[in-house]
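Each of the next two complexes has chain A plus one other chain: chain B in the first, chain C in the second.
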Partner chain A sequence: MKRKVKAKIYLTILLILITICLAGCWDSLELNKRSIVSGLGWDLDPKTGEVTFTVQSIVPGGGQSSSNISGQQQGGSQTRSIQVDKDTGPGMYDAITRLTQHVSRFPFYPHTKVYIFGKEGAQYGIYQFFDVQARNPDSRPNALIVVSAEKKASDIMNIPDGLEKIQAFGMAAEINLSAQYSKYPAVTVFDFQKRIMSKTTAPIAPIVGIAKEIGSEGREIKKLRVAGTAVFKGDKMIGELNERESSGLLWAINKVKIGFITVPEADLEVVKAKSKIIPELQGDKIKITVEISEDSDLVLFKRRQDITVGVVRELEKDLEKEIKNQVMASVEKSFALDADIFGFGEAVHRKYKKEWKELQPKWDDIYPQIEVEVKVDAHLKKIGDIYKAL
Partner chain B sequence: MFRLLKRKLLQRTSDHKDEAKAGNDYAHIKLDIKLDDNLNRIRNILGESNDVIIREMKIGRNSNIDAAIVYIDGLVDRNLINHDILQPLMFNLPLIRDNVNQKHASLIEFFKSTVLTVGQITESEDMVTIISDVLSGNIAILAEDTAEALLIDAKGWEKRGIEEPGNEVSVRGPKESFTETLRTNTALLRRKIKDPRLTFQNLQIGERTKTFVTVVYIKGITQENLITEINQRLKRINTDAILDVGYIEQYIEDAPQSLFPTVGISERPDVTAAKLLEGRVAILVDGSPMALTMPFLFLEGFQNPDDYYTRPFFATMIRWVRLLGFLLSIYLPGLFVSLSAFHPELFPTELLVSVAAAREGIPFPVVLEALLMLLLFEILREAGLRLPRPLGQAVSIVGALVIGQAAVSAGLVGAPMVIVVATTAITSFLVVSYADTGVLFRLLMVIVSGFLGLFGMVLFSLEILSHLVSLRSLGVSYLSPLVPIDFKSFKDTFIRAPLWAMDNRPESLAPLDKKRQAPNLMPRASKSSQTGREKP
Partner chain C sequence: MFLEKGKISNFQLGLLIIGFVFGSSVIISPGQGAGHDAWISVALGLMESLLIVWIFTTLAKQFKGMTIVEINSLVYGKILGTCISLLFIWYLFHLGAMVLDNYASFFKLEIYANTPRIIIILALVLVCISTVGRGIEVLARCSAILVPITILIAIADSALIIPQIDLKNLLPVLDVPISQILWAGHAAASFPFAESVAFLMVLAFVDITENVSANFLKSLLIVGIILIIVVARNFAVMGPMAAITNYPSYLLAQAIDIGEVLTRLEVLIAVNLITMGFIKVSVLLYGTVLGLAQVLNLHSYRPIILPIGILMAILALTTFGNSVNMLNFAQKGYPVYAAFFQIGIPLITLVVAKLRKLNPTGGSKA
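Our next item is the complex of A and B:
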């Protein structure tokens, strides 16, 4: 009896010890020994190949006053809410480990909201960053990818932003909002990885730049602004889309949610939109039909005239033309860059599996030759509370 | 030194045995014919306590019969002694013709059948019975030339009235609770269940206290195995004192080493009656305002009398709230510790920012912080409970406002931790049955999560779960009807089905009478009562 009890006790202790060993990650670390990273900047010097890491960390309890003061622009009694540190090393992890020489706490990455790439580094190629990112369980696939309009990522990581105390959160919110209004795409790590893994589709990412304003005392005020869409080929940035082209891209890839469209005589609010890419092989020619159906409300009619059925039809036609033009603008730009930002290749792949084996290796040559037709079916659903002009 | 202790201990136990023998040396003594001898013996046994009253008198037409009454002052009803015993014996008896020996077998028999105007009378010649009856509030009448004593139930001591239940408050239900008097408690139950099959089975437990213990069940509903098992367990108890129902609980529970209770306790007659009607056994103990019910199943703790007195929808919702409260009270501090020390990635970002801000500058690790606050709360609770009532409130105010507020502003404890501990403190009282269990598990959970984080919590939860599955209460699986699963009995678990739908008693108790009511009791308007518009 006694022996049994003893054996039981030993067994329990053994089990506990085993489970402790099995647990592996033994990473109890108090919150006040971690620094929560909100944004991560990555730069690569094309000449030397040196990597620079910029870490924007949240200062716990910082930014208590109403104003958003960050980084070095500290003023008065307000506490800063973020801290930006950067260091350079010959490789990715050299840079990270060198950071510890002047940062007092362990950086904690899972809450990073944006990954920012300097333009220079992005043009050189960002594959190694994504390799590390995908291998490391610490990072989240729903963080946003951003390309800095400036040379370095760190150039835009110190610019105070909007209403948010923590700049990176503000940047993420700006990108999400502009994506919601169908201006520029919001690209998560997951989206980017999907595109980078595809053999033909070109990755895209929003570009964030600095907008300068003249403040009240003649001082220059810097603010962040989403300023374009970066187009990658493989892991290298090769060009940019402007606002109109970005919109066209969103229309084609079914990413338009709501937004506003201006036609010569009216402003319209998009309430519902849907698009479909239909590929067709015609001999050795490829034809892509982009079908877009769209519902919109009238928000402004510039002609002082009652709205009639005829006017509605007219506006719908204008709308269709405008959307078509936007899409075609982006298509032409992508042809010029020879980057398949729409995923036409994948659409062909899905429909013509056999033929794709031959098409895929020479897709770069085929792509600019594709015939693209845009069919838009626009409807004006509501004309607002008045149907007669005031 | 240990040897010395051992020797002393041994000596003690042997002393105890001798004493026990000495106390029981009148075990086999029967009454004598001589009154004086009997009275002397009683005097010897009861000692010289001044609450023992031995009133000698001469009765009969010629005052020629010696007699005596023996009782304990304070335990008996004085009015009853004066009017119904002394008066008939001393005043009325001489008026009755002296024909004792002709019609009646004995004088005692004559007293019993003709003279005394009281209800419950028994006869005994056993000294043990007489003494124990006298000590529990009966009056013994002895007479010359009689080897028998009359024992008259004249219990009439000062007692507390029936009051509102203090611990199990109900909004709509009856507002009476058990008291310390066993007889009152049985009456309370009898008033609820006027079924001839409601059975009270009496036992006396305790070498010295001779406490009355009553096993209550309803014949024809309660499974007989349960009753025999309970009786066997009760008979095994061989101790000198039973002072409260809690003593019995600890002697008969199924899993004495478990943190979970396997015996139910209630102070409400309505709850006890409901459990009896489900096929459970109740135990009442004289001197304790609580009833034990067995078997006690895990989900019973989440039931509340108001569940059944209100309509089912709210009752079901509030049952879920209780369940949630129980889980929160066990897991919340542990979860907070795990998340902030091991897995900050699981916090929503904005929450993490404010939690991190609150942790800034706190000198202790978060585990210690949590344990400190939990311990502080337990101290305040205990102090508030034990101190005299006016002081108790002062302590609560000092604790809640001064210590809580000051600890945060002094930077010893983070504000989120105060919120977490306060929340658990409140939620732990949602489920009264597991309030004590919850405290222990909460502390253990915090310690475990301080070592192993969420992994430890999951491990510990599995341990608890496997322990719960292995528990039995009076042979019934503790988690039933969840384990073993019985969908029919789910009507009174996570949902509280309408009363008209609960046709059967809980299957797990194996009641002899399975049906509670007739089927199809769902209320509907009868056709004759439709007085609305008539069809053309």
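Our next item is the complex of A and C:
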């Protein structure tokens, strides 16, 4: 009996020991052998077809205030928290392998927050990158797509953002924030893939550029800034939307969450917004109705006047006009580019699947001729703590 | 001849069926050929498989307490019966190898990139061998623990992805030609639902046989509905991407992001594959060795578990050189190949048994 108990105890110990031996996998790579990548840059030289691969990695233990380390590149007593390495090769993987010649650790991609494309490369076509991205099990579908306003991706990967230690995380946060306030779209890999796989819908991505400021002592300070929306056709960037057009785009594709709208007499805060794209086939012609309904609060009224029912109605009308103008601005721009950024084609496809088979091949010709009507239903909800002028 | 002394309850059988049908379909979506109408295909496949299941459970009911091997030798006579039984056993064996292949391909691609394939496969097969050696009861009890976990993970995954669901991705309904949807539906019936024909080796050991048929259909409905939800959800979140990726559920789990806290849950899908793959391979290995033991008139099936298991692993290692071959076979060949075993053998056996007016209780010559 006792022997049996003893044997059981030994067996338990043996089992525990076995789990220790078996834990971990064949290809484990310890943290101190990896460099954790926060942002990836991809460029393609249109003339030579050479690919430049830029890796922004997180420096372990970086970003802390310490005086005994001499790596004080950004002034102050902080060590640098990111390192940017790049290399060029005839193909993407050539560039990546060449990195190993001057990078001490192997890049580890699953924590990448942003994929940045240089403008030149984006204009040439970025299909290659998305192929690698989708094929590679290490990549994440939630990373953000960014187009650099400068020629090369690496141009914007070294500009520090004051608040965030890791620049790419800061960039991602800026994009998400500007998307939250309905300025520019935040586009994840999933979103981009969905659009690139659609036969008609044009992919979009936010553009991040450099804003220069003159700081104290006349020193030039460079900062990152979301500065537009890149419009792709297939995998090639063909144009961009400005701030107003980007907002209009967000209104039409139901991506407005919160944000502020300025009408001549007042500023209003959007609290709720919803939009719908309703296609209609009228003989040969296609008519698209964009129905937007939104609720907003009054945050600033410029006229020194009491808010009456009449004023509310007037403000609502102004608001509707402003939203409509924003949407129409983006529609006109997309017609000029002949790029279906709104997914009108897919909307037609969803409703008229039989007719779509004939429409789809000539969609590029049809698209600029579409009649677009924007119907806005704006409601003013709250007017703030005062109901009379000061 | 009683090689197996264990008995499983109806409830355990239900869970075992659910686990078996989940199998590798926790990572590979059925109905892939139909684009975003895949969920319709899966629903059609489920209906077709309910019919198939009805056929073979009727057969099992008519010959209570007999495995397909015993039924065959009773219905067709010794020689022809043995031949048909060997074909059926080959199917179970081959299917087991294919599941192992799926399992290894997934892990090799997504998780253990540098681990040799043989290690990944052996790690699973050895566990299956050990379990099968302990009989069907142990396996059924395993499923009682593992299957609820899998269902829980599937539901949790679906719940956490709700913010990213866009039902527009599922429109327009019936976008691809009907023939394509029907074919994808048949493919969905052959993988994974009707693969449960392997239970013709297990049904003999259910202790109460009255409502086995209803129980079987109920379990299949549960897993079928979960799979329909999973497939529809995959397309609603990923759109066309779900149709071109090898492991849509895994990719979807990568996208889960609740406040940047609840992220990187994809490994749960891998956990599901380990547990469900274990159940599926075990049932198939069990069917293979028990069938062989009955065909060869052995006193026990235990001595042949190890060699058959290793052979299964070897077949898995050598059948398909790469996933393109596997996919090609899965989409074009398998639905036809499997139909012979899933529909053909049970249906013909049932018809022949009816024609010969066999009285199963009296037929104890096996």
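Quick note on the criterion: the second predicted complex is superposed on the first by the 352 of 390 C-alpha atoms of A that agree within 3 Å, B and C clash if a C-alpha of one lies under 4 Å from a C-alpha of the other, contacts with A are read in each partner's own complex, and residues count from 1 in each chain.
One rule holds in what follows: contacts are C-beta pairs under 8 Å (C-beta built on N, C-alpha and C of every residue); 3 or more make two chains touch, one makes a residue touch a chain.
Predicted model only: the values in this text are computed from it and were never measured.
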| item | value |
| --- | --- |
| Side-by-side fit of chain B and chain C on chain A, or clash | fit |
| Chain B versus chain C as contact partner of A:194, first or second or both or neither | second |
| Partner chain(s) touched by A:142 [first = chain B, second = chain C, both, neither] | second |
| Contacts of A:31 with chain B and chain C, given as first, second, both or neither | first |
| First (chain B), second (chain C), both or neither touched by A:108 | first |
| Partner chain in contact with A:152 - chain B first, chain C second, else both or neither | neither |
| Distance in angstrom between the closest Cα atoms of chain C and chain B, superposition on A | 5 |
| Overlapping contact positions on chain A, where the chain C interface meets the chain B interface | 27, 110, 140 |
| Contacting residues of chain B [partner chain A, same complex] | 340-342, 344-345, 349, 352-353, 355-362, 365-366, 450-453, 455, 459 |
| Touching residues on chain A, where the partner in the complex is chain C | 25-27, 110, 134, 137, 140-142, 190, 193-194, 197-198, 346, 349-351, 353 |
| Parts of chain A lying in touch with chain B, wherever the complex brings them together | 19-20, 23, 27-32, 34, 36, 58, 60-62, 108, 110-111, 113, 138, 140, 166, 169 |
| Chain C residues within the chain A interface of the complex | 109-116, 119, 164, 168-169, 171-172, 174-175, 237-241, 244-245, 251, 254-255, 257, 263-264 |
